[in-house]
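Down below are the structures I want you to see.
One chain, chain A, links the two complexes that follow: it is found with chain B in the first and with chain C in the second.
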Partner chain A sequence: MSTGSGQGRFSNVTAQDVVGGLLLLGIAVLILDLIRLVVTGGLPLGRLWAYVWNGIVDSLYIGLAAIGLSMTYSILRFANFSHGDLVTTGAFSGWTAAYLVGGLGVAELSSRLLLRADGGAQPGSVGMDVLSAPLAIVVGLIVAAIITIGVALAIDRLVYKRLRDAGGIPLLIASVGVALALRYLIAFFYTTETRGVVASAPQPEAPGFLPMETINLHEATLVISALTLILGIHLLLQYTKLGKSMRAMSDNKDLALITGIPTERVIFATWVIGSGLAGVAGYLIVLDRGQITINLGWFLLLLIFAAVILGGIGSIYGALAGSLVIGLTINLSLVWIPADMNEIAAFTLMILVLIFKPDGLFGGVETA
Partner chain B sequence: MALLEVADLDAGYGDLQILEGVDLIVDDGEYVTIVGPNGAGKSTVMKSIFGLTAYMGGAVEFDDEGIHGYRPEDIIRTGIGYVPQNDNVFPSLSVKENLEMGAYILDEVPEDRMRRIYDRFPILEERKSQKAGTMSGGQQQMLAMGRALMLEPDLLMLDEPSAGLAPDLVDDMFDRIDEINDDGTAILLVEQNAKEALRRCDRGYVLVQGQNRYEDSGDALLADDQVRQDFLGG
Partner chain C sequence: MSDDRTTGDGLLDGVRESDLPQWATDLGLIAGIVLATYVGFAVLGLLTGVSVNAIAGFLQTVTFYAAVYALVALALNLHWGYTGLFNIGVAGFMAVGVYTMAILTAAPDGSPAGLGLPIPIGVVGGMIAAALVGFVAALPALRVRADYFAIVTLGLSEIIRLSLLSGALRSFEIGGTEYGTGGGSGIRYTPVDSVIPWLLERPVFGFVGDQLFALGTILGIQPSVIQGALYTGVLIVFVVAFYLLLTRITYSPFGRLLKAIREDELAARSLGKNTDRTKIIVFMVGCGLMGLAGILWQGSRSLVSPDSFMPIVTFYIFVALIVGGEGSNTGSVIGGFAFAAFLWEGPRFIRTIVRTHADVRAPPTIYDAFVALGGGDPLALVGYMIGTLDEIRFILVGVVLILLMIWRPDGLLGHRKEIAAATDLSRRPTATDGGQTGEEAATTGGETDE
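On to the complex of A and B.
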């Protein structure tokens, strides 16, 4: 057989290399075009900065949710499609708590309890912003985490625990069912109406060293909360016994079992942390966007999955890096394409990267 | 007195029975090896002692305590350490973290024991911050043993520790097992490398099709013509 020598000098070039090369070339062209736009004044620096900043903000809440999805994937070994609706659960439960506390004596109990399903309790009149009602906002954040954790643990007990050894596919399908049940349970109480629940964000003047003129305090709250939580997760995973045992179990569940690691307790911790972060993410998204809707988490889920897959599924640090890529992509793509199509850019990028590197950007360097 | 006593054990996976009436005894500080052809159920014996197979009958006693039905974390507490054949380290954890996981059931990581393991396997101390998955097969095997030794078990079960090692490392591996045994830890060893294992051990069992076939001192099994012809390649 002499076919090997007959294929010429390109015989080692695979389809992956071609896609990878084109991808890098495409990115290079876009960067050059970006420079051209900035230099020629077609894209004011202020707007570019706004895109980058929005990308970072988006990547932080996507990242918060992606940590949980990545954890449940690596430790429970299934793609949890109900994760997006845990985000929604956090949003509704947290803001209900915020209204119950913040609207005390200002608005009807029923309007507050059902988050303005009746159109009462205007966010402005309740004073629902971080300066007017800081206590209510903080209580809402904590309740968002607690209720979401409770719901996730209850679902695990009712559904996933019974399917623990059934394999990834039955669990995945069950999680789609759970997602729908959860979403419409929320809709049953809160209606499917999209509505504003947060007053417009206070925007004090920014100190000189920042590149923007004013600071959106709600965005700042999101950024600081998310960064704090991400740092906390990092410290937990690297330096605590629980964190190390979680990484051990995500490496090899059978070995964890015979090493004496109580696997059910690690699974419990996984749900607590993953769903707690998802709930907080949902709450913070509403704080930033001002509006709440039952499709909040469901629509976000695709982006979360894209981030997790892009980073190399099962790696938490990969998921965070993937979130940054997705967040920046959907915002920077606005330079070239209209806003209602920007998610196309994120998914196109994801597909191209996966053809180029099927294990994700960080595949093979599993970190947790 | 018997440290480990397996009596008339039936076990398997799902509905498939692998072990049929297996008897096995390991005394305090003894070095026992199980040899036999592929698929004889050698590894299954270890997994069954650890409660990782479907139990179908018989008894497993350790230190006069029936341990059948115990969770793995409780079996570890009774004093059995187990090093499975494949995937026996946590690849993304550092060497040190792997050893720490070995002591998971203790409230605190016993630094003195970690010290002794580093003394026994100096390469582990050299590479303590390195990710286990980046080490060679032989080093991973040492790490896996070190992890199991963190609890200073009375019995250490090793499933084919020489599998996949370069020939010059195999002898070294057997020497290290001898050292661990000399320090008073009883050894239960499953090996493909049957001749060497029988040469080193106190007693051996030949397992065939999930049943005890022969049982004697290692030297006697090596000298037995029938055993040599059927299982040791003449």
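On to the complex of A and C.
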């Protein structure tokens, strides 16, 4: 027994530091190797730039979704496994709206209403890109946010509100149930087929000061929308009373209650912001990838969790930083490992952080 | 009642009265639910004109899934129900077991090649491999909280699945032979249900089997259904074995320690219990059993691929466990059965019934179905719903999970208190009997109980 506890103390003191050190060492080695590859010409600079750029794009939509997950985790105190399916909800509702507006008079109502479930209304013929149908794309973006917020509020009223004091694990299990029901409710209407819904992105030539030859306008739309929203969230959290109460709630719920912060109103705001951003994220992912499937958000969920955990649960800026790390990891890891293993790298990173640095990479800053 | 033990001549009676009823009522409960369900489905099927063969086949499938879900739910119950380890990486541990078994037993000249070892070695190897991966996963269990541990195990199960899927491990050459996981196309191997043809060649089993096949011919049941039913019988033997093993574990001192960890780990630790070691052991045992359950389930197909181990599989097992009630082995078995019969296979039975009666052709989209409904044809909508029954089934599973969490978080049997002490302390005569000597007190206690 005494040896057991002795070992326990031994591992408690050093394992954290050892693994932390090894992680840093590993990252340093990888950076050195990256430099070596670039210098020796093993990795063309253009390809490195492509990886970094894809990493930033990925991190932006992961970040949009991660903000909401982090907020619900810190304010409602549970790991919301249905968050990924809110992303899916946003994608389907937003693109349905875009098709209804953009395909008016071009395609049949049935194809537009069900997002090509019958194979009609080719995205190219409907003109589903930002230049041919800017209005439709913007309408879709707004509708994606509104419908997702509505769905999230309805779910909160029906499910989570009854379980407010149930503790983390029952809420987690209920959220798995919500995820299943929501996803297959969508599948019931839209079918489980994966299909392309966006026309190929217009690619005008880039102005000289940018390091790429052409600009993918859909990617640019994603980047600009995401950055605008993130800036908006930052302003909201820092400069409004609501933001202050939300930060207070996530920091110390009991203390917030005593000081008279209206809990339910803050929870309402949490759902509105979190699910709205998730819906927009889903919509923008489809704009970038061109394809829509009911598993869109579910497959993304673990990456979103990874981002939230890396940044430290409860911290919105941490979640964004974590998203950047995850986005760069899944893309830069392609330098060394095959493409079908890049998520393994991200998940391994997540597990290591959870075990050895559960407060997140950036220390335990809980507030905003 | 347990106090009857002290009266010498009634020792056996006492044991029978105090110990038998518990498992006997449990057995009666399981048998009652299973029989009622069988009769219900059979009567429903016969009344609606489904053929005897289809009904037998359906009940066979239900029993198969009930058995495999009960197996995994029992193993999971050890983790979550008794120890409070919230493991949502069940699919990953099953995958390790099945893949190890497949690689050990696949034919050496196959593609990818295996080692061609006998099946029992493969089964044991699979269990050991799953337990070892469980050991790796249990190390974080010692330091992270429950919801983090959930995410760690889910991440691990996805890492396992993605590794099996990846091209890097698809095949590699050792000594001129291509080994590997086969990537997305999986590995072919001898299925474990090949034990049935082997058993049928043995004297006693062969005789019983012949009688069953003869009976099947009379009733119009296909031999393949009976073959399946025989393998399901083997599974039921394993369910009983799992049940006995887990009941033995959970009623032992070790089991009391598990419950102590679940209720209050700090208290257990402060009583000098080595909770870390206990958690590692129990996690490894549970993972080994999950590996075995996976082998018995997926291993009865002749091909295994990573798609069989999506994270969703873990949640099916959770639904089965939660329906029954975590922390109750009987509940796990009943939950597995209820999940298989009503949520998993039940909707398909309805589809069979509808298809035998009406020629419902599913319209391509729900839009067409509503157009037809507007034109006075409700059958199109029914057809669409029958066509999308798999989706509806998932919705049902999700809704059941939510409703259980809201109204009955303890499941059907989870509210039962399992007595941790060797004797039932709650039934002791109260302090008023304090003045009496042991034997008198016992007799009085026994009398008041009856």
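Following the convention adopted for this analysis, the second predicted complex is superposed on the first by the 350 of 368 C-alpha atoms of A that agree within 3 Å, B and C clash if a C-alpha of one lies under 4 Å from a C-alpha of the other, contacts with A are read in each partner's own complex, and residues count from 1 in each chain.
Definition applied: a contact is a pair of C-beta atoms (placed from the backbone, for glycine too) under 8 Å apart; a residue touches a chain by one contact, two chains touch by 3 or more.
Being a predicted model, the structure only gives us computed values, none of them experimental.
Between chain B and chain C, C contacts the larger number of chain A residues. Look at A:259: by the touch rule set out above, it reaches chain B but stays clear of chain C.
Of the two partner chains, neither chain B nor chain C is touched by A:359.
In the superposition on chain A, A:193 makes contact with neither chain B nor chain C.
In the superposed model, A:179 makes contact with chain C only, not with chain B. After overlaying the two complexes on the shared chain, residue contacts for A:338 are found with chain C alone; chain B is out of touch.
Contacts of A:241 after superposition: chain B is touched, whereas chain C is not reached. Of all residues in chain B, only 50, 52, 72-73, 76-77, 82, 84, 87-93, 97, 100-102, 104-105, 147, 151 touch chain A in the complex they form.
Those residues of chain A that touch chain C in the complex are listed here as 1, 4, 8, 78-79, 109-110, 113-114, 117-118, 159, 162-163, 166, 168-174, 176-185, 187-189, 191-192, 302, 305-306, 309, 337-338, 340-341, 343-344, 347-348, 350-351, 354-355, 358. Residues 241, 244-245, 247-248, 250-252, 254-262, 366-368 of chain A are the ones that touch chain B when the two sit in their complex.
For chain C in complex with chain A, the touching residues are 86, 139-140, 143-148, 150-152, 154-156, 158-159, 162-163, 165-168, 272, 274, 276-277, 312, 315, 318, 322, 364-368, 371, 388, 391-392, 394-395, 397-402, 405-406, 409.
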